[in-house]
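Below: one structure in structure tokens.
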Amino acid sequence: MSMLSSYLTLAAVLFCIGLYGVLTKRNAIIVLLSIELMLNAVNLNLIAFSKYGVQPSLAGQIFSLFTISVAAAEAAVGIAVLIVLYRGRASVNVDEFDELRG
Amino acid sequence: MLDDLPVLSLIVLAPLLGALIVLALPSARSNWLRITAIIFTLIPFILTLWLFADYQPAVGGGAYTEHSTWLSIPLNQEQFNASVTSLKLVFDYHLAVDGISLPLLLLTGVVSTMSALASVHIRKRWKTYYSLFLLLLTGIYGVFLARDLVLFFIFFEVTLIPMFFLIGIWGYYGREKAATRFLIYNGLGSAAMLLSFLILIATLGFSAVEGAGGVNLLFGGNYDTILSNLSNPAAYANVDNDLTHQFGLYLNDQTKWTAFVLLLIAFGIKVPIFPFHTWMLRVHTEAPPPVVMIHSGILLKMGVYGLIRFAMFLFPEQLHAWTGVIAVLGVINILYGAILACVQTEFKLVLAYSSISHMGIVLLGIASLEEVGLQGAIYQSVSHGLISALLFLIVGSIYERTNTTQLSELGGLARSVPFISGVLLLGGLASLGLPGLSGFVGEFLSFLGMFGSMKIVTAIGVLGILFAAVYVLRSILNITYGSLPEQYVGMKDARFIEALPMITLAALIILLGVYPSILTDLMQHGFSGFLEQIHTRMGG
Amino acid sequence: MDAFQTLTWEDAWYLAPEIVLSCFTILLIALDLLLPKRVNRNVIGWLTLAGLLVAGAFVVILMTAVNGPETDSASGTRVLLGGSYQLDDFGNLLKLAFLGASAFIVFSSLGTVRDEDVPIKGELYYLVLPAVLGAMVMASSADLITLFIGLELLSITSYILVAARKSSRISSEAAFKYVVTGGVASAFVLYGMSFLYGITGTTNVSLMRSVLASTSDQFEALLYVSFFLMIAGFAVKLALAPFHAWASDVYQGAPTPVAAFLAVVAKGAAFAMVYRIFANTFTSGGGLDGAVREDILLALSVLAAAAMIVGTVGALRQRNVKRLLALSGVANAGILLIPLSTLFANPMHESLVSEFIYFLVAYAFMNIGAFTVLTIVSRDSGNESLSGFSGLYHRAPWTAIAMTVLLCSLAGLPVTGGFFGKLFILFGTVQVHKYWLAAILLVTTVISYAVYFGLIRQMYMRSGSLDSGLRMTVPAAIVIGLCTLATLALGFLPMPILGWINDIFSVPVDLVMFQG
Amino acid sequence: MDNTFFAEYAWLVPLFPFIAFAVLTAMGKGLKKTGAWIGTIASFLSLVLSLCIAGERLSGNAPDYGNQMDWITIGKLKLVAGFEVTNLSTLMLVVVTLVAFLVNLYSQGYMKKDERISTFFAYVALFTSSMLGLVLSDNLLTFYIFWELVGVCSFLLVGFWYQKPEAKAAAKKAFIVTRIGDLGLLIGLLLLFWYMPGHALDFTTLHNVYDTQSGAISTGITTLIALLIFVGAVGKSGQFPLHVWLPDAMEGPTPISALIHAATMVAAGVFLVVRTFDIFEASQVAMNTVAIVGAFTAIFAATIGLAQNDIKRILAYSTVSQLGYMMLALGVGSVTGAMFHLFTHAFFKALLFLGAGSVIHSVHTQDIREMGGLGRKMKITAWTFGLGSLALSGIPPFSGFWSKDAILTAALDKQPILFVVAVIAAFFTALYMARLFFLVFAGKPREGQHAKESSSVMTIPLIVLAVLATVSGFVETPFNGWLGHWLFPEGAEHDASGLVMVVSAAVGLLGLYIGWLTFVKGTIRRNAISDRAPGLVTLVARKYYIDELYHVLFVRPLQGLGKVLDLFDDYVIDGVVRLTGHGASALGRLNSRLQGGQVQTYALTALISIVILVVAIAGRRFW
């Protein structure tokens, strides 16, 4: 079980780092990367559970595969949107994306 | 010959039909619109009159009841309990009339017709005006006739929307604020009402019907069911006990009180009872006179009706426990309204506060829980309806001529418009409770009823009629007596179309003042039966 | 159950709607590439519409088939793909709702979307299809994985849809915000799911229940963690306050039809997912019981209350109609959550799904109608502010009247769909004695009068700047008319649809899944 | 012939004038002179009928006749309306109809030039009919109804010249002050209703209850009821402290002052007490109160009358003080005395007012200091007025003497102090009447005043009334108690007392003599007192500052209270409402401030709130 708990802790740490990045980083690209970090934390969780979990099963690993691919797609779209945005603003600073408000 | 017609439905639906027809007419033809509107206001009025003629006080209105299921919504799919096969939520289309609603129906008929006539003052957008006006009437008639809680609520809400537009489009300077204030304030009222109704439906609006393979529980807002379930808990015997508890089909005292107080608030706002009255001042001052005729003449009475029909008949124990509270509230209404009316500088505000004062008398009548007092309450409602309708009719005529209702700018009108001033004086005397006019009977009966149980409080309340004399004379003499400002010289006195409703209302006020039995006999059956029930319920 | 079955033809038949949609998607992408520039892309719009309708037709056929007597299982459900996908009435009804709503939206947007605003109109149309596909997958998945896939399919496509107004700066900004919040939300949901999987060792929700029934007491802390993580994620997806801040921005930035799509379909799909997971894991008699369940339900009710309050109060001062509708969407999301939060608190409250679906349908109609009117009006006035509506009654009385009806329905005034939807939900709430929640619902409703009647005031009591008549397009007119009529019909005779739902629907069979 | 033949038609008596009223209001402006005649004829008809009734009742002992109908029936309760003909009501019928008819006749001349003459006659007709209704009504409720109606008519007629601000003010005052009294009466009525066995309100039952089953109503309650009813009487009959309205009511046309504010309506208060006398008799406290209030009012008003210069106001105060006499009589238990004085007073006071009217009509002023020497120019007026003054001053053998004598006798054997007070008041009465008469009619005429005798329609009523004022006293003298027997067969015989007769006659003559010395001979300087004690004179002339006192005590505080409540209503009650509204929209603004466009802020708020949620909800379980 200790194995599991250490993996879980690692995943939790990763998740928090990602979250922290999303919340604080000014560079939009870093923000997107941080999201990826959070998703990866999830993958770690899933795989750890599927190996050392109470009822180990294969499903977790399959799940993680799906997650990875989806994350990729999401990142792609995110970057694409960011490029469009950059065309408009000539900046990737999140703080400046505040025309929509109130 | 009318016996086989669904009279009540006709009464409710005729104005709706009229509204649709008005919508169909070309908006330029103001006369067509006006005449159609008046016709479709008259139809329900005439039907009500026929009802009045045909109604036998001894028997009650059972014969006219219309009852059919509107919605029946299954609440579960499969049997989860040995004895209960199915649960249904049932909403009925249930109209009925009795001695309590009939006088108010008549009032509605009269005042609405007069207001339709008085709407000649309306200068713009007749089409919209009249369609909304008729829609409003549907709502009002519905409220007085509906006997299903949900149906009642729907009609109650239906009155809100047209009023909002009528105030907001055709009102005076501050109309939009007043309209919104009206909507929100009354909305809160009906919210409280709906919550209380739903509690009632969910906890004892059920009737158990023996169906195939067990009991079918029907939940619904049928007034009679709820009343009988409330008044004899033996009704629960139909459903075995653990079931009722499993479903929370029981109304413990706390819940009863919640429901009761919610109802009190809901209708208290409409009446209005003391702290909840500010909205109606705005309406009185900002709305166009014909609409105020309806509002002050009828809509406030919906509150009274609700108080009696629901708060009182459903929860007599609670009401009995709170008689003191309500009586004191009534006295506060009377004196507060009266004293404030004495210092207003704007005639419409004087009338608004006097309405508050008169509604206080109604509260006293209700609080008495005596037959005399209750009849007094209804009587007072009717008479106040007529009187304030008359007064606001005149306000309309005066404003049309002088473009002001500020007491300081008016005076001496008796010289230039003697007829209007005469009727105004009559209305004023009626509202200060002069014997021989309707106001006196209502006040006297209410006081008489209340006096039996609490002498001191009532005695204090009676002081109100002194202040009534003060504010009525102060304002009306200010308008009609004294010297005439030169800009008002040579005004035309009332045209026929104005004089007609004035005379009608005045005549009715006098009739009710001289020959009250015409109404009181109607109410006999309505009340005495219920009071017996109540007394048996409360153990003598 | 570990041995995966292969996809049989029969299964394929049962998957027909989904397949149709995917085929149409691919087809239209190709067509969009091949068609020469000069051809008006409305063609693609019409084809999209066709695709949606065909799929809808299939759904109807399947429903009759599944519920019909000739099916193998009397339960009226059909389990596919190793229990990861399930055909039942909950799913089907929602599928119908989603398809119908999308069809309305696409139809209404035909002719109103301007080229200079959305340069590549083709995308705007055909990307709706995968989005709806995702929503449908979410509606009838029985497995965390498929649920998640559906969710992402929907989300990612809607990111693109939001960004469709390439030329406008705010559109792409909205898209970016949507991506970030959506991404984080997905991450939360997933993280929560991962714990759920860790405790139960399966991703299949129905198996989960039986496992949880035995083991829930050992892992209380973990359960809290997983459920609250999921709640956080879903709260963002559902735009429940205080997770709603993105919604107004995104709606404002997106093309109006897309905003409508997000408000109705995306939200509905997310709700489908939430109902699935929570209902399955919470079913009494097996599944999660006791303290944890109580707390989760309480948390849900609190969120619902917060959403209603914030959504309504926030809209009070809102001058931009799109943001206003977004906020009203927040409030309505709160209302839609109430049936779930009163789930199984009382043996009688089985009607929660019919309450939910009924209000969802009503909400769909009134929202789409309102958004369509907004599209038309803002196209005229050039901005989306309240003042654009001023004097509308004089310019276009019928539109104004229709809008009034829709707004009354949003405000929950009789006699409209919104009114009855709220009434049923209220009744359910009162039945389980959650008076405080009912009270909040009622009070916020009243406050919302101020919001919606503010709009009505603009239309009737103010004189507008423009006095020319309103430039209305035929499809938009039809959509507005249909939505208005539907709203009224739902109010006057709600019986048909309700009766129908109740006839075919049954919680234990259709919402909760028993297998293995 | 059946000797209730006319009595059964007594309800016609009020009906005639009512029909006249209806016709006049309906026709309105159409008929000018004819309108006046309609009113007069109607009143004449009722006069004739009531004389028939009287004749019928005088011939042999006719039984009392009464007739009721249910007005409102609620459950077991019945509210009844009905009329009854007794000797008492017959007497009142005759008095009212007679004076009413004469006033109608008189007004033909007096109001000739007024363009609203038909309205005037309509009002008068309405008043007459409701006054007759009041007289005939057989139970307290009906009585109260007509009681209010006469009040309104008085209000309308006082304010008849509505363009004069004073008239407007006077009318308002008259109505409101009497309304205070009505309030008392109404509450007394309600009390009585709930305490009377069987909720009966008719006078017969009332009489029986107090006569036979004494103790049916406890003494405390009886006293309370009696006092409340008395408040009503005080209001109507202008007794202290509610007398303030009556002098102002003189703003109305003079015939009205004669009819309403001298002969009939103001006497209704006395009549009320007579009607409910059983209640008063049952409570000594009530009796004493009545007596004291009456006596005090008598002397109090008389003193004020001394210092007034407006001819009508002097008469008004004299009315107040004479009504005080009647109350005094009741207080000392002499119903006969009260009714007798009411009877005679009706005639001579009406006479005096009509005479004053005739004077005013010709000299167009009411200030006696601007008159003088009119005796030569207006012979009939002067003579009749003189007779009236003698009657009022209680000079034998004029009617006033006998009735006053009856009262004084009763007062003496009940309560000597009251007797003394009454005697002094009588002296003042004679004094101010002398002043009035001599200033107006004696002395040399003012130049520029071409006064001339009024037309015959005005003088004939004067003559008739003068005759009555002279002879009507003989129906009840110490030597034959006929009236007393007729009215109250079981009533107490009032015994002759030579002393009283001498004293009252003496003070009357003394008063007249001093008046003569002062205002004709001039042996006593007119302002003898005003030089010595100017303060006293002004105090009296300003009516003891009662009006000012009331203004400070009641009017101001009420206005203040109203203003305060108005602010309260605006700022507190409505303020709360507004506050809630603003609070809500403030929250709305807060929300939009939170949506500042920073996506990361959104995420942060979300994170924080979920943490709070977890801590709040899950936390409960773990800690």
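Note that the chains are named A, B, C and D in the order they appear, and that numbering of residues resets to 1 at the start of each chain.
Methods note: a contact is a pair of C-beta atoms (placed from the backbone, for glycine too) under 8 Å apart; a residue touches a chain by one contact, two chains touch by 3 or more.
All figures in this text were calculated on a predicted structure; none of them were measured in a lab.
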Handout entry: Chain pair, A-D or B-C, that carries the greater number of C-beta contacts
Key = B-C
Exercise for the section: Average the C-alpha coordinates of each chain, average all protein C-alpha coordinates together, and give the chain whose average is closest to the overall one. Expected result: B
Problem - Geometric centre distance via CA averages, subunit D-subunit A, whole Å - result: 96
Problem - subunit B and subunit C, separation of their C-alpha mean positions in angstrom - result: 42
Completion exercise
Note: subunit C sits from subunit A at a C-alpha centroid distance in Å of 25
Problem - Inter-centroid spacing, subunit D versus subunit C (mean Cα positions, whole Å) - result: 80
Completion exercise
The positions of subunit D in contact with two or more other chains are 592, 595, 597, 599, 603, 607
Handout entry: Per-residue overlap in subunit C, given as positions that touch at least 2 other chains
Key = 176-177, 180, 184, 248-249, 447, 450
Handout entry: Sequence positions of subunit A contacting 2 or more other chains
Key = 19, 22, 31, 97, 99-102
Fill in the blank from the handout: Touching pairs here come out as A-C, A-D, B-C, B-D, C-D
Practice task
Give every residue of subunit D touching subunit C within the complex, in rising order.
Solution key: 584-585, 587-589, 591-592, 594-595, 597, 599, 601-603, 605-607, 609-610, 613-614, 616-618, 620-621
Practice task
Within their complex, state which residues of subunit A touch subunit C.
Solution key: 15, 18-19, 22, 28, 31-32, 35, 38-39, 41-42, 45-46, 48-50, 53-60, 62-63, 66-67, 70, 73-74, 77-78, 81-82, 84-85, 88-89, 97, 99-102
Fill in the blank from the handout: subunit C contacts subunit A in the complex at 2, 144-145, 148-149, 152, 155-156, 159-160, 163, 166, 169-170, 172-177, 179-180, 183-184, 186-187, 190-191, 193-195, 197-204, 211, 215, 248-249, 252-253, 320, 323
Fill in the blank from the handout: In the complex, the residues of subunit D that touch subunit A are 592-593, 595-600, 603-604, 607
Fill in the blank from the handout: Within the complex, subunit D is touched by subunit B residues 181, 184-185, 275, 277-279, 336, 339-340, 342-344, 371-372, 375, 412, 414-415, 429, 434-436, 440-441, 445, 447-448, 451-452, 455, 458-459, 462-463, 465-466, 469-470, 473-474, 477, 480-484, 516-517, 520-521, 524, 528
